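There are structures below to look over.
Two complexes come next, and they have one chain in common, subunit A, joined by subunit B in the first and subunit C in the second.
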Partner chain A sequence: MFEARLQQGGLLKKILEAVRELVSDGLWDCDGSAITLQGMDSSHVALVEMYLRAEAFDHYRCDRNVSLGMNHAHLSKILKCANNDDIITLKAADQDPDTCSLILESKGGEKTSDFVVNLVRIDADQLGIPETEYSAHIKMSAGEFQRICRDLSQFGDAVQISCSKQEVKFSSTGETGAANITLSHSATVDKEEESVTVDLKEPVDLTFALRFLNLFSKASPISEMVTLSLSQDAPLVVEYKIGDSGHIRYFLAPKIQEDE
Partner chain B sequence: MPRRKKQQLLTDKYPQEKKIVSKYFKTEQNDRKASGTDDVVRLTTEKQRSEDLKILKEFDLNWEYGPCAGITRLERWERAEKHDLNPPADVKDLILGHQDEDDYLHCLWKDYDL
Partner chain C sequence: MMLRSKGNQQLDEEQQEETGVETGRGGPKESGEQSQWVMIAPENALKNSSEESPENQATIITLRHPKSDEGAQFLLCPDSKSIHEILSFQDTKGSWFIDNSVQQDGRLLMATVVDPLFLLLPYLLDDKNSKKHMFMQLDQIITDSDFPQCNRIVQILDHSTTCQVCDSKGNEDFKVYRYNEEKTLSWLKEKVERTADYLSTSDVSVSSGQCSTYVKSSKATEASRGQFSTYVKSSKATEASRGESGLIQPVICVYHQVSAVPMSKVVKEQRPLEVSLVIPSNTSVSSEDSVKYAAGLISDYLHPDLSKKLFDSLGIEIENTKGKRSSDKQKVKEEPPEKKVKRSSDEPDEDYSKVISAPAKTVPVVKMTAAQKKLAKVDKSGMKSLMTFFKKK
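Now for the complex of A and B:
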């Protein structure tokens, strides 16, 4: 059987919030060491990959690998019933499960709720993401990144990210004008969450749809910091670490100059 | 005026792999094989094979496509095609799909010295 007990149920809520608007149904692959989820948005422009190691759970048992096809809207309804400090247990049978059970226990143990989710069939192709050397890595506060994406969305629907000489510039141009936000490398600040690290091998200049970046930044509650990895003509990678026990990575294909 | 830009797709950038619906299903199939039900698989392929050969034999026996002595099935098929005789496409597919099986490649009378 598959059984996983999470002391801090809030984490599962945050993970679901971070994926559910991008991917409506997802295949949660559970094996002996981790739970992984990979899903692409319906337009095939963005992809999310969630990896959560068994160590994140205080009890984890997976006798045989199972894939749970979850409808995220349905799962979200259940998790809305959970408090952040509730203990959440996931359970599924070994043999061809068509349901998954969720048990919510309040911290004090005085309230228990249990739910059954009917699993959905998912026939999706998986993308093989090659190991890539990126030209630029930008590490910054997740909140700051969310703010920049939100602010720029008012001016245009795409952001141009250009990275050079220890600074990164986010620009957006629309019918009303243009907006530019520049962050400079500042690793010397005492507080890590206020620092910006720009690790640059080659200058990059790429354009991305803000709609997706706004969806990615829904993962901000999971981690203080976010890392953007860029290479010319390659998809952008936006990574949030889940403590020491996993990550959520988003991949986004760039927009390119239209051929005339 | 903002420059027009085209959205690229991730599927153009990363290779698409057939998702194994579940690693669990994979092990189940392995188990089934081990428990001896692959006999059923062998029976169905045997049946398929005899049906294929029946189609090919009919092609051999059809005089419209010309004599079949001394040439392979594929050569005969291509000759018929060249003369606009519309030989059946499934025959060609069968021949090309079984390049390493003699029964598929040569016509009925290959063992006779005609």
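Now for the complex of A and C:
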């Protein structure tokens, strides 16, 4: 028996919105301590990993590990029926369930809707992502990051992120010209959400496809802050914390110019 | 097992219910040392054949097989104006006792009636024939340097039969013909319909997953009673000269009266036939399946191009047989070994379920969201797959 009751149903909606466009079908792995979801886009250059600890739920029971192959489009239809303050309960049988039930309860308890979603078979390889040291960590407002990505995508398809000393430069060039946005390290004590922290071990200079970053920034409602972790010639990590009980991490392969 | 002449064969094209068993001496005389074969043939095909003039004797001739374009042997019976295809079926090991002799060649030959028009069609359709669009006499149409005996087909074709696939002109003494595709297709359609009608009332299982043949089973467990109907679906031609074999008439049912033979033994004897269980006759069979199955059977006597036209006119989709076949081979590999033993060494060369589309499994179409479509368009040059950065778990 798998059962998880989430007081803040809106969180699940936000999580789904953050992953569903990148990954159309996802394997939600539930074990005794957490729900994890990992999936790649169709071209395998981007990956999203969602990790939600049992503590996020006010009731969590998972007798056996189950993997729920969710079609995110279907799931999204159900969650569209939910208000942000609805209580959402997920239920599934223990062994190879074919379906997963979702129960939506309004906050006052006067309305209950329940849904059954047919699970899909997913044969995707799960990648093991090692904990690695990154050369640079940039922590900034999620909204700001979203804005930068959106603005720059008007000028070009790719963004060059270069980190040096105490500042980070986002630049894009295209047919109309070039655009550069520079953020300086500014740890404001009063308003954390406006501060930018650049934690740099080595200077990095990498180029990424903006369209993916734009998609990643759909997770902005989940968290006020976003952390970008970069290393030369390694995938970029864009991390949004889910409160204290989890995170969504996006990985994106850099564009590497091959010298010929 | 006793082979006894039981006679009484119905020669109706689509309804063969019982086949007489003949142990014939002197089958195909022309080939080498062997002088006797065991052949199941309709009784009236061989009747009177001995005393008549050689011209009227039932003989085995090599003709162009309408589907494969290669040589195949046919039994021509000028008496009954019929032509029979000869199918050979070989057990992996086995010989025949014939009177007091043992015959090493353990093949069982079966002669079944085939519509001579099938044999005429390749000549009518021949692309090399530049005079195709002209009215010609039959013996002018049927000329073949590879198979000189083909002119004997003319003997068994009469005017009304030929007109089912041809336009004709001329008077009693001098008739000329020209191929007519419309007529041919409607004639074939008629054949398919009749076969389908028969199939839907018969015990033959035509469901789409069908790729083997069947022993009637509901009773088969009671071995001592053991009456089996074996549907001989495909006996791969063992003679090189025969090329691809096919069934002459859609269905051959051989009833072996086997009394008090243990089930296991019987099954063993039938090994190279693909044997499995017949779905009991009450299983509902959709008419669509029957039609597909029937079309598959008929198309075994047609040039692939013509089969295609027939399928088109019947509204049957043709699947890519190549892919299916290879996947089927894989399936064979995965099968447990004891099943492999049951197979003849050759892959069955006819599997109607492959040619004709099975009701397509509903493969969920992966719908891409707008965002995903946009992502697909992103210039990913220089971006390596994440698989190169992270290892699989």
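Just so we're on the same page, the second predicted complex is superposed on the first by the 256 of 260 C-alpha atoms of A that agree within 3 Å, B and C clash if a C-alpha of one lies under 4 Å from a C-alpha of the other, contacts with A are read in each partner's own complex, and residues count from 1 in each chain.
Just so we're on the same page, a contact is a pair of C-beta atoms (placed from the backbone, for glycine too) under 8 Å apart; a residue touches a chain by one contact, two chains touch by 3 or more.
Quick caveat: nothing in here was measured; it's all calculated off a predicted structure.
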Checklist entry - Superposed on subunit A, are subunit B and subunit C clashing or fitting side by side? => result clash
Next on the checklist: Under the stated touch criterion, which partner chain does A:181 make contact with: subunit B (first), subunit C (second), both, or neither?
Outcome noted: neither
Next on the checklist: Tell me the contact category for A:234 with respect to subunit B and subunit C: first, second, both or neither.
Outcome noted: both
Checklist entry - So, A:123: does it touch subunit B (first), subunit C (second), both, or neither? => result first
Next on the checklist: Under the stated touch criterion, which partner chain does A:66 make contact with: subunit B (first), subunit C (second), both, or neither?
Outcome noted: first
Checklist entry - Just subunit B (first), just subunit C (second), both, or neither: which does A:93 touch? => result neither
Next on the checklist: By the touch definition at the top of the document, which applies to A:20: first (subunit B), second (subunit C), both, or neither?
Outcome noted: second
Next on the checklist: With both complexes overlaid on chain A, does A:45 touch subunit B (first), subunit C (second), both or neither?
Outcome noted: both
Checklist entry - Can A:103 be said to touch subunit B (first), subunit C (second), both, or neither? => result neither
Item to check | Colliding region between subunit C and subunit B, picked from 6-14, 24-32, 42-50 or 96-104 after the shared-chain fit | outcome: 6-14
Next on the checklist: Please report the subunit A residues shared by its interface with subunit B and its interface with subunit C.
Outcome noted: 40, 43-47, 125-130, 158, 207, 209, 234-235, 251, 253-258
Item to check | Of all residues in subunit C, those that touch subunit A in their complex | outcome: 364, 366-369, 371-372, 374-376, 378-393
Checklist outcome for this item: Touching subunit B in the complex, subunit A uses residues 27, 29, 31, 40, 43-47, 64-67, 94, 96, 122-130, 156, 158, 173-175, 207, 209, 234-235, 251-259
Next on the checklist: If we count contacts the way the header does, which residues on subunit A are in touch with subunit C in the complex?
Outcome noted: 20-22, 24-25, 40-47, 73, 120, 125-130, 157-158, 207, 209, 211-212, 215, 234-235, 251, 253-258
Item to check | subunit B residues within the subunit A interface of the complex | outcome: 2-19, 21-24, 27-28
